[in-house]
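Presented sequentially are two complexes of chain A, the first with chain B as partner and the second with chain C.
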Partner chain A sequence: MLRSVWLVPALPLAGAAINLFAGKRLGRWAGILASGLMVVAFALALGVLAYLLRLPGNERLVVRHLGDWISVGSFRVAADLRVDPLSVTMMLVVTGVGAVIHVYSIGYMDGDPRYGRFFSYMNLFCFFMLTLVLAQNFLLLYLGWEGVGLCSYLLIGFWFERPLAASAAKKAFVVTRIGDTFMLVGIALVFLRLGSLDFSAVLRPSIESVQPSGVFTVIALLLFAGAVGKSAQVPLHTWLPDAMEGPTPVSALIHAATMVTAGVYLVARTHVFFEISGVALTVVLVIGLVTAVYAATCALGQDDLKRVLAYSTISQLGYMFFALGLKAYAAALFLLVTHAFYKALLFLSAGSVMHGLGGETDLKRMGALRRAMPFTAAMFGVGALAIAGVPPLSGYFAKDQILEVANRSGYLIAWLVALAGAFLSALYISRLMFLAFFGQDRTERAAHESPPVMTVPLALLAVGAVFGGVLGLSVTSGRLQGFLAPVLGELTEGAGGLPTAVLSVISVLAALAGIAVGWLVYGSGKVDWVALRVRFAGVHEFLAHGWYVDDVYSTSLVAPGKAGAAFLASAVDQRVIDGCVNGVGQLFQWAASRGRRLQTGLVRNYGLAFLVGVVLIFVYVGVRLS
Partner chain B sequence: MKTPISYFVVLSAVLFAIGSVGVLVRKNALVIFMSVELQLNAVNLALVAFSRLHGNLNGQVLAFFSMVVAAAEVVVGLAIIVNVYRRMHTANVDDASLLRW
Partner chain C sequence: MLAQFLIHPPIQLGPIGPELVLTGTAIVVLLGAAFNPRIGHSTLLLVSLLGLAGAALVSIGLWDWGGELTVLAGMVATDRFAVVARLILLGIAAMGLVYGYHYFRRSGEARAEFYPLVLFATAGMTLIAAAADLILVFLALEILSLSLYVLTGISARLSSVEGSMKYFLLGAFSSAFFLYGVAMAYGATGSTRLSAIAHALAGQTGSLGLALAAVAFLGIGFGFKVAAVPFHMWTPDVYQGAPTPVTAFMAAGTKVAAFAALIRVLETSFQPLTLDWTPLVWTIAAVTVVAGSLIAIAQTDIKRMLAYSSIAHAGFVLIALTAAGQDGISAALFYLLAYALMVLGAFGVVMLVSARGEGRTSLASYAGLYRRSRLLAGLLTLFLLSLAGIPPTAGFIAKVNVFRAAVAAGHWPLVLVGVLASVVAAFFYIRVMVLMYMQEPQDDAEPDRSPWPRVAVAVPAVLTLLFGVFPGIVLGVLDKAAILRW
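For the complex of A and B:
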């Protein structure tokens, strides 16, 4: 079974190649081919999981050597695939959720003039994502890392005729590139200081003795900078809300379920470095917590259906990093898996709403959609309850465990802030739910329910969102946590803190309070939320603009950058560089205009010069001889 | 009685000087051409004279070579002059200045 693990990434790659070259001719079959390949890849991934489960817990690591990739002197990088519980978990998420979203796209993208190309990009993305999670060394991981960034760019800008989509794609690429550059430096440092890029050689606790801990802090922070860019954490989060210009399946697959979680995977994979450093772990914790609460407040101010979900994704990713910072790696991965289900479900339901309303995303022009689209409304409701953290849905278990770990960690403030974030999460998602599906009908056109090819994937994801919790019922003894333990280590039970039952009640109360406030303001009809928004216009604007972070970047970084570029282009390039080049040309022209007077073009002048020369030579020879 | 070598050398030098002055001062291409021939013949004369003085044939052989080459040169040169005259209706070398700056 493991001999064919290379097929898991290879199948989407083949699909990408076929659809790229023959997508137009395949017509509708392009989507079916791409989805079929993803389903087969998912089946293969399940086979790999079954194989891995038969091995004893501490032997669940298989490296499949596919050949040498780079071999220059002592620098060797092999094309190895690493199969261990962590990579298999990620592989299952990518292929499983990916396959469902591919099927959904058959319906969603129907009629698009670049239908084949869309599936080509989607398959290519899955290939790179699988390369990323299956890589056995940093360089192969980086290949996948940049590859998913490329596909993200291509798919955000898929409707590049729209200026907004084109500039959002550019922004996503540039902003994530800032993090990627740090990460590449970090990878170079790993090779220089630790002597290898291979995970098995580098990622072991005994590596601690090789270098002083400061080196590990630098490496860990550089790698984390890459994760911050890719996973849209503060301060590099600004690209993700804009990335919603892409088609909705793209938002679901890339910008909710898989690519943005690559940063979480990276930190979990290299947690050895972070633990040796200690400082880096605290940085991860703080950034995660700040992002989780910040993005949740921003989500409250958004009027665009998809932008609410985008900020929600940023917030949830913040929770994952928060958990990583608390050394609860398995809890972070558990949230990653469940989040992949319910956020993909929310995005695809949002896509279904847009499909029914002809592309409308403005919450102000929705309302009462539960009557026209009962199934979509139900599915969205499932996702909303899951993200709010209502038991027994999957989101409850995942979030509750992180809060539990936070409570026992000794950072009581962090626990309180995270709890406030949980309340805000429930609030913004219930706001979204009530504004879109309840209350008055503010739609401008008749909505209709989506076709089965779109609703069946919703149902599949809803099953995952509801029952995903059984994967990890307990923070210490859950199935997923136990499965991941050989890679990520057991969670050491922190001393003190409140009993588990009390903590669960508190987090459920926070979720219910959020939903209750959301219902009171946006669902009950007792509060005029439009009047409320006008009254607190300043606050609303502040949240709607994401605390004006983007505007600050525009004025403090982008504008000076553009001015500097304009200066370089007009002054340095045109005057100095062009001046030098043109000056050299002009110098020779001037010298030639003087020098060519020497050449009269009259044969007799040359003859005279010739004769004089000959006579002079004769005179010289005669003098020498005599 | 042998003619002294200095006679031949002086005659050759005089002929060469006349040819050189002709090339430098005349403007008609045909006359320049004739002057060039005069220079060549001056050289030929010197070659033959020295050949006789030293008693070997190298100089005479070289003189024959120079005659053959001169004949070939005349063919090419006259063809050019004829063509220039047809095109420009003059054989004045100063007027053939198309390639001048």
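For the complex of A and C:
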């Protein structure tokens, strides 16, 4: 089974190639082909999982050598795939959720003029994402890392005729690039200081003795900078809300379930560095927590269906990093898996809404959609309850466990802030739910339910969102946690804190409180939320603009940068550099035309030139002799 | 008494086997054409090509020559350098014959003497590469020159005859210098044999002044042949005037042969004076690359442009010569090989674009060539890229090797000049590409679409790419050939 693990990334790559070159001719078959390949890849991934489960827990690591990639002097990088519980978990998420979203896209993208191209990019994305998670060394991981960034760019800007989509794609690429650059430096540092890029060689606790811990802090922080960019954490989060310009399946696959979680995967994979450093772990914790709460507040101010979900994703990713910072790696991964289900479900339901409303995403022009789209509304409700953390849905277990670890960690303030974030999460998602599906009908056109090719995937994801919790019922002894323990280590819970049962009650209460407030303001009809937003216009605007972070970046970084570039382009490049180049060119033209005149065509002149040469040579001979 | 006269040195004809085969074939072709005027030119071509192939086989047989270093009383060298130089020259001659067969048939100027003349010229070229005595160098030089004078004027066109006359006058002028140099060398050392001159100079028994004068005169003679500035003035007129196949043959063949001889003379006889002649070669190389690259910019005729380009390329080979020793010789050999391929290819395309005779050699005729013939435009692009020294072509590897050898010898300022000159040169090569791809055709003249000449032009293209991507397949052989034995 493990011999064919290379097929898991290779199948989508083949699909990408076929659809890129023959997508037009395949017509509708393009989507079926791409989806079919993803389903097969998922089946293979299940096979790999079954194989791995038969091995004893501490032997669940297989490295499949595909060949040498780079071999220059002492620098050797192999094309090796790493199969261990962590990579298999990620592989299953990518292929499983990926397959469902591919199928959904068959319906969602129907009629698009670049139908085949879309599936080509989607498959290509899956290939790179699988390369990322299966890589056995930093360079191969980086290949996947940049590849998913490329696909993200291509898919955000898939409808590049729209200026907003094109600029959002550019923004996503540039902003994540900032993190990527740090990450590349970090990888270079790994090679320089630790002597290898191979995970097995460097990701072991005994590596600590090789270098002072300061080196590990620098490496860990550089790698984390890459994670911050890719996973849209503060301060590099601004690209993700804009990235919603892409087709909704893209938002679901790339910007909710998989690519944005690559940062979480990276930190989990390299947690050895972070633990040696200690400081880096605290940085991860703080950034994660700040992002979780910050993005949750922003989500409250959004009127765009997808932007709410985008900020929600940022917030949820913040929770994952928060958990990583608490060394609860398995809890972070558990949230990653469950989040993949319910966030993909929410996005695809949102896509179904847009499909039914002809592309409408403004919450102000929705309402009461549960009548026209009952199934979509139910599915969205399942996702909303899951993200809000209502038991027994999957989101409850995942979030509750993180809060539990936070409470026991000794960072009481962190626990309180996280709890506030949980309340906010329940609030913004219920606001979304009530504004879109309940209350008065504010739609401008008749909505309709989506076709089965779109609703069946919703149901599949809903199953995951509801029952995903059974994978990891307990933070210490859950199945997923136990499965991941050989890679990520056992969680050592701090002593003290409140009993588990009390903590569960508190977190459920926080979720219910959020939902209750949401219902009161947006669902009950007793509060005029339109009047409320006018009255607190300042607050609303502040949240709607994401605390004006984007505007600060624009005025402090982007505008001066553009002005500088414009100056370099017009003054320096056109005048100085082009001037020099053209001047040199003209000089040579002039010299050439002068030189050409020597060529008179008369033999006597040629002979004269010849003789001049002879004389000069003999002058040299004379000088040499004397 | 009589027996004394009959004792003669042992005659070993093996090492001049290639020349014997070539001259023999030439005489057969000449007589055959003379006695049977109606003999088909395809037969003449075939016999000539067979002669070249035979000569090549004999040359290859000399690769593992186990006998003496020089034979025929020290006249002919038997080293691998001669073998490789001969093989390159025979290849050039074969291309020249195929081009000429096609060209003269289309232009209606078919003459049977073309074939023997090319063969005689080739014999002179291959002999000069093996010559181990200055007298033989001179003789071989005259054999090839006289044949080329006639070949240049073989067409009845005025420019052809004019070019031939100029070539002859200036060639005679330079031959006089060369001969004077031979005399000086004899005066300095008492011998014209390359090895004897070297021994005399190394033992400091000769006259240094005369020896230096000899280097200078011989250098002038060679400088004319390889078209180094300021002895290059004939090149544009002759290259433009000569029928294009002759130009291709001459541009590639003369340069390879003359450089082979120059390398041998400088690296054997005058090797003890290396420190004296290196500044001279250095200066001429610098002036040649700059002047050749510069004046080419102002040309409006592609044959003239390629002529100046060939002058600049002579400069690059001279740069390799400043790096004495095996490294420099190997770099020079590879450069000559690459140069021969791209110049044969470029003139081949020029011949096909011109279609019939010499009517369309102005750069304007190349506007929009891509629309007319993608194949010809593509081939010319490849050759121009190689001439400009851009990967993945042989021209790139050639320049890298030359520059590397020169830098290793400490001549980095010269390399700097060479690099800057190749930047200038890139301009006029790329300008032709711009014309071909980005401009509209100015007339509706059709290029030659005959299939076989296209195949012939594709041969150097394939090799240019092959040696550009996998230079290792010839570099090994050239390294072995880069050791002169004397």
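What we mean here is this: the second predicted complex is superposed on the first by the 580 of 626 C-alpha atoms of A that agree within 3 Å, B and C clash if a C-alpha of one lies under 4 Å from a C-alpha of the other, contacts with A are read in each partner's own complex, and residues count from 1 in each chain.
In this section, a contact is a pair of C-beta atoms (placed from the backbone, for glycine too) under 8 Å apart; a residue touches a chain by one contact, two chains touch by 3 or more.
Owing to the predicted nature of the structure, the values given are computational and were not obtained by experimental measurement.
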Please tell me which partner, chain B or chain C, touches more residues of chain A.
C
After the superposition on A, what does A:P374 contact: first (chain B), second (chain C), both or neither?
neither
With both complexes superposed on chain A, which partner does A:V612 reach: first (chain B), second (chain C), both or neither?
second
First (chain B), second (chain C), both or neither: which does A:V603 touch?
both
Once the two structures are fitted together, what part of chain A is touched by chain B and by chain C alike?
596, 599, 601, 603, 607
Within their complex, state which residues of chain A touch chain B.
596, 599-604, 607-608, 611
What does chain C use to touch chain A in their complex?
165-166, 169-170, 173-174, 177, 208-209, 212-213, 216, 219-220, 223-224, 229-231, 233-234, 236-237, 276, 279-280, 283, 291, 294-299, 424, 427
Listed in rising order, chain B residues that touch chain A in their complex are 20, 23-25, 32, 93-94, 97, 99-101
Touching residues on chain A, where the partner in the complex is chain C
585, 588-589, 591-593, 595-596, 598-599, 601, 603, 605-607, 609-610, 612-614, 617-618, 620-621, 624-625
